[in-house]
Structures are given as C-alpha cells and as structure tokens.
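My questions all concern the structure below.
Order as written gives the chain letters A, B and C; numbering starts at 1 within each chain.
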C-alpha cells in the first residue's frame, strides 16, 4: 500500500468520482433527513430545522412504542426461526459430499436472487384465504367429512358444519412466515461458512471422548460456531427489522412494522419530521447491532490471533 | 445426496446422510420453492376472472395479455434501462473505490470505508426516504419536462448509490488475492504505471468486475423500496407497477410477468455460475 | 477355548479381521487387512501417505466403518458401536484441543460426558496433567499453550479415560525436530508407565523404529510386512519395505543354479555370485530376484578385498558430506549408481576418497538380502 501523497494526481483521478457520488447522493440525503428529524412543519411544504426534540419524544408515546416493541419482537422471532432451521441446513450442506455441496448451497441461495416483490406476491397466493394452503385444507375437510358420512357419523358434524378457512394473512403468523421466507437464505450463508471453517477433528474428539451426538452438538459444535451464529443473527435481524414489503403485503395493514409507519409519514400523513425521526431511530438500532457484532468479533479475532 | 440403496453405513459425522436431517432439508426446499413454483404454474391457468384459485386448464393468454399491457411493458422497459445504466456506472465507480481502498493510504480511510459500506447495511426504507427528500428538497433533481429517458435519472442515481458499494466489495475481494510480484515484475520489465494497470491489474480484476456487474444489474432490477420513494407517476419500474397491481387485485397477468422476470434472474444466475466455473478452470490451468 | 465372558487366554486387545474399506465404490483405501494387537503393545502403522494407515486407525476409532470385515476390541465386534461407546481414545493429528475450554475442562470433558462423579473428576484430571508434566496448567486456555503443550493436553485428555487402547494419528508431525525427538522418548516412557496399548500412525520410519515394539508397514491398502523394528530393517520381506525403511542398493539377479547348501546367482554388474542358502525369505522357487545391501554394510578399499567377500570395482561419482557420516556414490561396470555410507571417524577435513578415483566396494555375503517382489 502506498501513501496518496506519492501520486496525488492518480489518487484524485481514482478517488474523486466515487467519493463525489457517495457524498452527494448518499451522505447529503441522509444528512437532510437527520436535520429534518429535528424540524417542524411550518406549512404544507416548508420544514424548518428548529432543533426540537419533539419528534423523538413522540416516538416514545405508547402507540409508537408498541410499534417498536412489536417490530423487534417480530424480527426477533423470525431470526430465531431462521437460526433454528438454518443451522441444521448449513450442517447438512457442509457434511454432504463435495460433488453435492455447491449445488445444495446454490439451491438454498437461489431464492434470494429472485425478486423480493415476486416472492412476497407468491406467498400471497399460498397463504390467502382462498390460497393453496386453505384449498388443500378444504379438500382434506371434504374428504374427512365424506368419510364420516360414509361411516354414518355425518350428522354429528364432527369437523364443524362447514369448512372455515384459516386466517394466515393479516396476522403475526403471516408476517413472520414471510420474514422467514425472505431471510432464510441469508441466515444459512454465515452459518455454512463457520461450519465449513471448523476443524472436523473437534467433533470427532468429542465423540471419541464419549460424548453423544446431542451433547457434542451443544458443547462443541455450537460454541465453536458462535462467531458464525452471531453473524447470522445480525445479517438476518437487521434487514428483517427494517422490512417494509413483507408486513405491508402479508400484514394487510393489521400488522405494521416500523418501516410501514415511516412510509406513511412520508407519503400519506405528510409528517416528514416525525418520519425522519423514526428513520433515524431505526438507523441507530442498526448501528447498535453492528457495533455489538464488531465488538464480539473483535474480541474473538484477538483470541484467534493469540492462538498462533 | 438422496441416492438410495447406498449400503455404506452412515459415518458419525455424515450428517448429510441422516434421514431426519435430509427430511428437514427437503421440507425447507419445499418451503422455499413451492410458492414460486405455484406462481409459475398458475401463470398458465385458464381462469376467466381474477380468481387465481382453481386450475382450469392450460393457456398462454396471460403472457399475451401481459405483453399487450402497455403500462406493464413500459415499466419493464424502464426497469431494464435503469438496470443497464446503473450497471455500467456502478462497475466503474465500484472498481475505482476498490482500487483506491486497496492501493492507497490516505487520511480518514477508515471513515471512508465505513461510509462506503453504509448503503449495504442501512435499512432500505431509510435510504428510500432520504433519496425522496433529497430529490424533492435539495434542488438537485432531473426536471420533469426533460421527458424519457431523462426522467428515469433520479431512480438511476439512487440505484447507483446503493449498487456501487456492492461492486466495490466484490472487486476488492478479488484484488485481495492479487500477487503484488506480478505488478513489480511488470515494472521490472519496463512497463509504465498505466501499462501495468491496463495489462496486469484490469485482467486480474475482470472476474470481479463481471460478478459485480451482474450483482448490480440484479439489485437494480429487483429493487422496490428505494424506487418506490423516488419514482413518479410517469416513471414506474416493473416492481413498482407489480406492487400497484397486487395491491388492487391478484391477476394471472402478474403471474405471467413475474414468471418472465424469474426466468431472467435464472438466466443471469446461470451465467454468473458459468463464468465463475470457467474462471476457476482457467486459474487451475 | 472361550470362557463365559468370551475371553480367551492371550486374547488380542484389537483384532482386525480381513477389513476392507472402499470410498465411493471405487477407491480402495484398505484392502483385506488382518492384524492382531496384543495388550500392552506399542504398535505402529507405518507407510507413505495414502497407504491407508489413517483410514485403518479411523476405523478402529469408529469414524469410518469397514466396507467389509470386522474389527474386534477385547473380543467384541465393534461394527455397530458408535465412536463414543468404544473403550478407546485418540490423540488427533491437529490435537483437537477444544479452544473454548480451559486445559482442565478439556481433560475433564471425557469424564463428565460419561457420567463420572464430579468428586472423582478433579483428582483424576490433576493426576493426568501431572502425568504429562502439565501440573498447574489447568486454568490456562489452549491458545496460551505451545504446540508441544497442546499435544500433552490431548494426551492427558485421552489417557484420563483409562482406555484399553490409545490411538495416535501422526502425533509428532506438527512438532519441530528437537521437540519431536524428546517426545518420542516421552511417549515410550508414558506407554510403559500406564501400560495401555498404543497404536501410532506415522509416515516417519525413524519414529516407528525408535518407539514401537511391532510395526505394520503398509502400502496401497495392504500390510506388506509385520515385524519388530530390527527385523524390518535387517530382514525386509520385499523391495518396498527394504526401500521404504532405510536406504538400500538393489541389484537385479537371476538364479543360475541351486545345489545343496548354496545358490548361484547371475547378478547384473557383479557377475556370478555364490550365496549360502537361507539368505532371504523370498528366495525359494523364484528365478528373478533382487539382491540388496544396506549402504552402511559396504566397505571401500583401494586393494582388492579378500575372496570370501562380495564386491566390485567402481568409480567415485560424488561425495556428500553429512558431518557424522558421508555418502559416497559409485558407478559399477554396468553403470548403476551405488551408495556407500561411511563413518567419519578421524578428525580430518579431507575426503576419504576423491571424485573420479577407482575403488573396491565389498560386503560380507551374510549382509546380503535376497528379495523377491
């Protein structure tokens, strides 16, 4: 690596275009939002930055506070589900034969490359009250009811008078289902990387010393994969917490997350300062999660460094 | 992996061969793919009204319909135009960023690195509202009376802003395993700074540039949230158009259009894998 | 005869019964190997990389299962016994000392998971650490230890379980030369003091020769010879073993005639050679043989040696000086290169022979080896 002073012209030619773009079209817009978060609506189009903390205070009101708690809860549950499902999936991929490995990984990652909107829309087809799942359940109900009629129990209506479709949209279930559906490929990647790096002889040593598979899993595999698990949690939790489309389409306005409320402030409610404050609260939460990870990773990194 | 009749007993570490784990893997694949497969199948469903529920026979009518839907096709063309320009600019900016971070020491480097990573990590909604506010209030915005294709400028600028950091990340990873001795030996043999860049560094970066370009294209084509905040009534992209259609009603037409987009994604992915494998073979030789 | 527990007098602690291991249906890593290992033995599996020695060890440990054949430990078939239920323990090549546990926790792990009472564990852990000279290191983390110390932790962790057999997979390969030598002696001492059967896998012949009571030399999945170290060196059964263990000069030979008491061979580069019968195990019945001599059994002289010694006149091509010994490379009349090892006994800086010089090279007939294949 060389100092920029040795070749200031070359450095300028390389550095200026991306730096210009980054500052003007990313940092400046964020800065404006930050200023607006301390602003007040003067009239319909004018916002004045008065350095008021009112917008942040409003975020503490019960309604919005509940929103934050719900968002954290939904993202947390989705992350947990992704982790519990993703870990065995990553384990299967790592221990499959080299020939299969890259294909299995690709199969898990591929949906991530598919358009998010299309995937969410596809879930609408499946989960709707007249969607595939309810259709299948309805068919099962018909079959069951028919069977009961045949054996002479039809008049008892054991399965209910008629089939009532399950409500799978517009509730927590639908949103969590969608969040997991979107995030799962993300979760598997760092877990796979961590397991792939792990020396197999640790697992063998544990078995050799008399521990069973379950014991080995909890006292050797999980602790040794902990940095991968932390990465997986962060990489799943952050985008999930900021999700807009999934709660919007699958929550049907019944299950809002932070992003939906932010969107409303900027579009229909036209309360930009409040929306800006909410945006920055979400941003700070993201930074906090990232800082926590690099703190953990830093400690681990030093431990690794000392090992050699 | 799912081969049957394999008599070899399962080793203690061969988790991939254990039945319950295979079952979990299989169920996960069904979970991930069933919705997409159903969507594709029902794009061929011959149902009269919007009812996208019961199979009534095979038809390609909805593809014809989708292709004849002028606003949908316009949105599609807009998406491709934006993705194309976004890819070109992002590859250049991303490559410059990667080379800059890889090659130079400069003041506030850590800060710059963090700022470049920011568009990758911050929630899309935050970036979306920031771009919306910026174009509305900063005075920097493509005047609406410039017409097509200039009216796509705002969206394209926003797309480039979040795409080029991804390209930079990919290219930088590629540069990390560049053997500096190649550069030094080229200089030793009499090459100038520019010749080294052109003949040694660019060829080494090429796979990263291609992979980054494909990534930028996909990101731009897929983006909904940020576009949603920067698009106007005349500048609708495919995802935004689909979103408005989905909000009002579910039609097989959307299924058909979605299937086309899935197909494009598949082709791009296959292309990426093929390029990657070819590159691996080359480096092995 | 077997008694009620299925034990026999003098029963081997490990019996490998025509074991074959194929990977992916095509690669045969271990090919119909049968071995019996007695209690208290220090046994070595020796061979070049890829010979199947590690696979064999991993099958004993239970990490691989034989495609064919059985492995018995103390007379019990291990085919359906998982690794954690086998009465044996292993020291891994990478040591596999758990990085997230202290030294004491590592050593205690095997006891804890098999339900040894807490009260007993602490004492046994301390005892095991003393045994490997790591007393007082219990609270350390593995990343605060040197490579040699980590290996001792791995040893203590395995020995604390008092296994019937201790398996060691290339245990010294990650250590530097000086430490390796010390550890060889240490392992022998340890094995004698605990009286547990050790099975070591190594590709280093000097390691196997210096430590083991008995060595199985493997090549391409098969055992080529099973013998004591001295036997392997002095009476190799075939060219592979002769060449793999130590250095050897080979001459192609053909049996010209046999009469009672001696064997007349036609040897390339040496002419007619008469040897007493019983020189090598493999001489019977074969017409094409190899005559082999170890370099240190050869003597260099300026005069023609006495007629009872075998020998030839050759020209010195190269002299390599190693300090305690030198190697002299000669070519015989047929153009073969022959290596002679000589002790540098006197304190002279002048080479004993000079390049281009013609010298006589000879050896005693009883130092000759006859090898069939």
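Following the convention adopted for this analysis, contacts are C-beta pairs under 8 Å (C-beta built on N, C-alpha and C of every residue); 3 or more make two chains touch, one makes a residue touch a chain.
All values derive from a computational prediction rather than experimental measurement.
Engineer: Farthest chain from chain B, going by mean C-alpha coordinates, please.
Structural biologist: Looking at centroid distances, C is the chain farthest away.
Engineer: Between A-B and A-C, which chain pair is linked by the larger number of C-beta contacts?
Structural biologist: Contact tally favours A-B.
Engineer: Once you find the CA centre of chain A and the CA centre of chain C, what distance in Å lies between them?
Structural biologist: Taking the mean C-alpha position of each chain, the two centres sit 56 Å apart.
Engineer: What whole-number Å value describes the gap between the mean CA coordinates of chain A and chain B?
Structural biologist: Once rounded, the distance between the two centres reads 18 Å.
Engineer: Using the touch rule from the top of the page, what residues of chain A touch 2 or more other chains?
Structural biologist: 204, 207, in rising order.
Engineer: Listing for chain B: what residues touch at least two other chains?
Structural biologist: In chain B, residues 12-13 touch at least two other chains, as defined above.
Engineer: Quick one: which residues in chain C touch 2 or more of the other chains?
Structural biologist: 62-63, 82-83
Engineer: Report the residues of chain C in contact with chain B in the complex, numbered from low to high.
Structural biologist: Per the stated touch rule, the residues are 62-65, 67, 82-83.
Engineer: Which of the residues in chain C end up touching chain A in this complex?
Structural biologist: Checking each residue of chain C against chain A gives 61-63, 82-85, 88-90, 92-94, 96, 98-100, 109-110, 113-114, 142-144, 154, 157-158, 161.
Engineer: Chain C touches which residues of chain A in the complex?
Structural biologist: 199, 201-202, 204-212, 215, 219-220, 223-224, 226, 303, 306-307
Engineer: Provide the residue numbers of chain B that touch chain C in the complex, in ascending order.
Structural biologist: Residues 8-9, 11-13 of chain B touch chain C in their complex.
Engineer: Spell out the residues on chain B that touch chain A in their complex, using ranges where they run on.
Structural biologist: Where chain B meets chain A, its residues are 1, 12-17, 21-22, 24-25, 28-29, 31-36, 38-39, 42, 51-54, 92-94, 96-97, 99-100, 102-106, 112, 115-116, 118-119, 121-134, 137-138, 140, 157-158, 160-162, 164, 168, 193, 218, 221-222, 224-225, 229, 239, 242-243, 246, 250, 254-255, 258, 261-262, 265, 268-269, 273.
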